[in-house]
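Naming follows writing order (A, B, C and D), and every chain is counted from residue 1.
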Amino acid sequence: MAGSTFGRHFTVTTWGESHGPALGAVIDGCPAGLPLSEEDIQPFLDRRKPGTSAVTTARKEDDAVHILSGVFEGKTTGTPLSLMINNTSQHSKDYGNIAVSYRPGHADYTYDQKYGFRDYRGGGRSSGRETAGRVAAGAIAMKILNQLGITINAYTRSIGDIEINDAAMDLAYARSSAICMPDPEAEKLALEYIAGCRAEKDSVGGCIECRMENAPAGIGEPVFDKLDAALGKALFSIGAVKAVEIGAGIKASRMRGSENNDALCMQDDQVAFKSNHAGGILGGISSGQPILIRAYVKPTPSIYQPQDTITKDHQDTVLTIAGRHDPVIVPRAVVVVETMCALTLLDLMLSNMGSRMDHLTLIYHP
Amino acid sequence: MAGSTFGRHFTVTTWGESHGPALGAVIDGCPAGLPLSEEDIQPFLDRRKPGTSAVTTARKEDDAVHILSGVFEGKTTGTPLSLMINNTSQHSKDYGNIAVSYRPGHADYTYDQKYGFRDYRGGGRSSGRETAGRVAAGAIAMKILNQLGITINAYTRSIGDIEINDAAMDLAYARSSAICMPDPEAEKLALEYIAGCRAEKDSVGGCIECRMENAPAGIGEPVFDKLDAALGKALFSIGAVKAVEIGAGIKASRMRGSENNDALCMQDDQVAFKSNHAGGILGGISSGQPILIRAYVKPTPSIYQPQDTITKDHQDTVLTIAGRHDPVIVPRAVVVVETMCALTLLDLMLSNMGSRMDHLTLIYHP
Amino acid sequence: MAGSTFGRHFTVTTWGESHGPALGAVIDGCPAGLPLSEEDIQPFLDRRKPGTSAVTTARKEDDAVHILSGVFEGKTTGTPLSLMINNTSQHSKDYGNIAVSYRPGHADYTYDQKYGFRDYRGGGRSSGRETAGRVAAGAIAMKILNQLGITINAYTRSIGDIEINDAAMDLAYARSSAICMPDPEAEKLALEYIAGCRAEKDSVGGCIECRMENAPAGIGEPVFDKLDAALGKALFSIGAVKAVEIGAGIKASRMRGSENNDALCMQDDQVAFKSNHAGGILGGISSGQPILIRAYVKPTPSIYQPQDTITKDHQDTVLTIAGRHDPVIVPRAVVVVETMCALTLLDLMLSNMGSRMDHLTLIYHP
Amino acid sequence: MAGSTFGRHFTVTTWGESHGPALGAVIDGCPAGLPLSEEDIQPFLDRRKPGTSAVTTARKEDDAVHILSGVFEGKTTGTPLSLMINNTSQHSKDYGNIAVSYRPGHADYTYDQKYGFRDYRGGGRSSGRETAGRVAAGAIAMKILNQLGITINAYTRSIGDIEINDAAMDLAYARSSAICMPDPEAEKLALEYIAGCRAEKDSVGGCIECRMENAPAGIGEPVFDKLDAALGKALFSIGAVKAVEIGAGIKASRMRGSENNDALCMQDDQVAFKSNHAGGILGGISSGQPILIRAYVKPTPSIYQPQDTITKDHQDTVLTIAGRHDPVIVPRAVVVVETMCALTLLDLMLSNMGSRMDHLTLIYHP
């Protein structure tokens, strides 16, 4: 129960540290018969990779994924998929001051408290690098969802105070944007703002929004494993996320009931809703509307400025963290949010398979 | 995997519908040797009960809890605790229009989609009444935490746009406030606002804040079972919650790194932090600082106004929901938030027991 | 993780002690839409009840089951089923010598070691009475399996050294036999043998065999959650079981490969096997043949003879256990074996629902 | 829930097929601070390796294990341990007749039924080769248990009808025996018997016994997760196991209660038992006595003789399986039984850590 496994049906276990020889994920419970190769996964890892733009670090991460098991003759066999990504850049580095001091905003102190001991190289297991395994696994979930007609898209909603204009939303643009922003104008302002932060040796946060479309109604389990609870857990499991909103989110808490309730109606003989404040989830179960969720990401804790902290021997000190730091984590986290949503939705769809006698009969007593 | 179980070590399974004969919870994994009686649990259920004040419904819920197993000679035995609460008010009622129409903002439509069938009496399993089982179970978790020196307090932070003033915070006052607000001035405004909503046959939402103090550093599992992920799941599993913030929350996404990072320092020979934007959690693991979390609750979906919706036979209709409705859910949900936090924290503390060789040796090879 | 939950999809949590006010089970994950009432469950509990025959105790157990949740208008709703059985005979008794001494062959000493404390009334949670909850839950699993055309029958294979003759097997007879033996001749000898043991203030064990027919091929998960592993766990979780065999069992270990292998062949255009040494399971997955399993039960540990033991204060003593004891547990355990097999098989069938892309497509993208 | 994960606290997920590029295991939940290197694991894998003796295949398996994560400066960090073993001998082979025909006694037919598709190369995931991952993981569990003073030893109890003489038991001898038999005389007869089978192109089964010593009393969870239930599941999860006995096993079912009950007594001021028919487990919880368990293994299903079977197109056929086959699996399975017992015992010890208030207080409120 040490927390490196996600999902109960499409089960992903990630392993690996920032500076070990490799990292990866094992997926157990992938349905058999899915056509799959490394090419299905690599594009997602490439989206997570630090680019050459001004806003991400220049550290080279090759991140080529290898499927070590679970595929035969180009299709999944139903048995575990082992995915491995070699760490190409484990240069033996001097971690001197990080080894003895706790970086503010990082997990250094808490890992030491939990384990009595920590891998200080690049944050070890608490490094954002761990998300490579999730993204690789999520790419496979995404392929399955796509085959069922479901799409999931995440993008940068805001950087600092700069927010996109919903009217200008262009998802295709976001995919080519260095900061994954679907609004060119907001993107321009955000890039300038980030550049300013970088010049001041500082960092900045933002908001990632994710939209899931064509998910069937009826997904999510009552009470504790509600779809929103599962998505909330999934997003809060991403290191830097400090808030999560579903649908209208905080705004819902300020609305009247008459305003917040999404009225149902018939439209072209289909069930429809006149608004989507609920974000596609009612009572923890999907309604068939688009599912909307937002994750708020804190500014990168590693900054170039000297910071007050203590050593592990409990002495006050001032720490300047060497190395290269992203001034903003948000753009690289976009694909992490997207794939975590895919893992969550697929897991609950698999969980739902046996919830009705008529479905059971369909499979076992046709 | 149908979602009615919470926790992996202090495992709570709730059962029961709004209008069945009873509801309850089974707790498996409660440590043996805890002094326990119904009197430890009842005060928490009483806080959840609708009162006689202007802001909650007059429906009588007796909510007397019975411990049916797991206690012998006044102490827990380590085996399952079965808690039962009889439903005293299952008057056979005419559910006519709810039975055939979907209430906007409720789970009626989604349950029908999931199960092909639903218990329409008072929302069945999706009713807020289900939380009685959680609260009863959480009261036991709270007693254990208190014995370890940990306290947890939730209160109403805002109603609609009316927010408490942190400087005026008075937790003792909140316990006697009809709306659990720890600031008398904000409470007065909020009560007026709620009364206005009620007069307009409308409802209103708000925010609940929860503060956990004296929790040891080192609680939470890396990666997917982070303390914040577990708390996020716990709070989003409460029906009406649409957003969750930890520490600075959304504000963190607008701060600079230099501002958001909580500097460490030594204070009276103890490790301390100069601020608590992180809300007591770093890398998913508790830091020893107070843990701070906020849940944003939507307005009560049941209102006295007629609403557009459809029937289960897919006809447009206008629905007026009979019965008595709370104009605001927030005050009754405060103890639900508090007990869900207790369940989450205790569960991760139990999960943490075997995470170090020195702890293992302490128990098994003293 | 305290062990009172069985299954991951059709999840059963039992609670209750021998001498508490009630005991029961909560089932989460029962498919919605199953017609269900107490009458479906009661006959299974009645089979478990001590009768008036010479071989079971005279203690009166009424064992009337009540469904407290999860059924609406005569059908399961997909939400938790809470089953409760009141303990009608909790006469305040003098447990004096059991309270201070450890009964040989019972869990008294080990519970004290585990929990530092135990409920000594009738064995508390370790009592065979706990199985009432499992049987009630298993009755529901059985109803689902029956609707899918699957039958499960357990019976007494042997008492002491007296074994049934397979040629004389009469399952209908077993249902009316006081000792559940499907062979009248063996039954007569066994009854005589048991009467002799009883006269000598002693007890006796035996073997229960269970046969599952018409289960589809393809059930069971590779590696750790094999169908045989799950059945093995299920049967060893019954208090007195000391050995489990599948198919040819121990005999297989003495055969040659050429003899033990079950040859496949076509028969009336159907896949068939020329023998069934495997007991219907290959590589942990059902083959479509009848599934055969045997559980060997130790003699009742409570006997009327004085026995050497120690007190909880670590003094040697001689203990004579008061009360009424079954000279043999086997007949009452038959329905426990049968229902545990039902719970196991159904759970793995539900687990299997999403294991293939074609099944996923059948449900979600018809 | 696809079955490749074992344990809930010391959680092992294995992956890999017989003829893929590699196989391995991920362990999550290993306590931090354990000194660990590949040298701790390799000897266990070497014991599993086919030797050069007459009784095992000549196929070369190098089986060098690599630790890819979770160790820093020679000690476990508490985060996942990823173990990988490259498959050195994946020569592209002609699997012609196996690809189209179902081998009797193997999982070929059942995998096809479950997944609609199978990896026919060497049995794919159902191959005994999968156990390499378990053995590697179990070696780590064993190191922890050893540090707590607990020892676990498995050995061959019988081959066909040839059984060891308990009086001649020599565990050290078993470690050097080609067939892991602790009795030189029985070993000689067994080797002759195996040679005879081989000459007749046939195979043979046997029994493996495992003895766990110095395990503390109080391990195992009541009801469904009893220590014996967990061990039963663990052993039946090994491909060829068809029966499991604990303590006196089947013999217990033929004893009288007065004979089978293990009397307690004081011995040198310690709690002791006058016999050990229970095999060290009472009510599913360890008693402190040696834990004794036996697994009965079927004869190798792959034999050199032609066998009747069917093709996947449902035609009768005669199959002769090419390649090299062990005439007996038992000796190679000894270390698998031993390590599965280690994984089971450690997992339940970790599960037990938070079962008492006094233990909780010891860790969190010293």
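Definition applied: a contact is a pair of C-beta atoms (placed from the backbone, for glycine too) under 8 Å apart; a residue touches a chain by one contact, two chains touch by 3 or more.
Please read these numbers as outputs of a predicted model, since none were measured by experiment.
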Number of steps on the shortest touching-chain route linking chain B and chain D: 1
Chain pair showing more contacts of the two, A-B and B-C: A-B
Euclidean distance of C-alpha centroids - chain A vs chain C, Å: 45
Between chain C and chain B, distance of the C-alpha-averaged centres to the nearest whole Å: 38
Whole-Å gap separating chain A and chain B, where each centre is the average of the chain's CA atoms: 26
Residues of chain A engaged with two or more neighbouring chains: 1-5, 8-9, 14, 29, 32-33, 78-79, 114-116, 125, 216, 222, 355-356, 358
Partner chain D, residues of chain A touching it in the complex: 1-5, 8-9, 11, 13-17, 20-24, 26, 28-30, 32-33, 66, 68-70, 72, 75, 77-82, 84, 114-119, 121, 124-125
Touching residues on chain B, where the partner in the complex is chain A: 1-6, 8-9, 14, 102, 104-107, 109-111, 113-116, 125-126, 130, 158, 160-161, 197, 200, 202-207, 216-226, 228-237, 239, 241-250, 252-266, 269, 271, 274, 277-279, 281-288, 296-303, 305, 307-310, 314-316, 351-352, 355-356, 358
Contacting residues of chain B [partner chain D, same complex]: 1, 8-9, 29, 31-34, 78-79, 144, 147-149, 216, 222, 349-350, 353-365
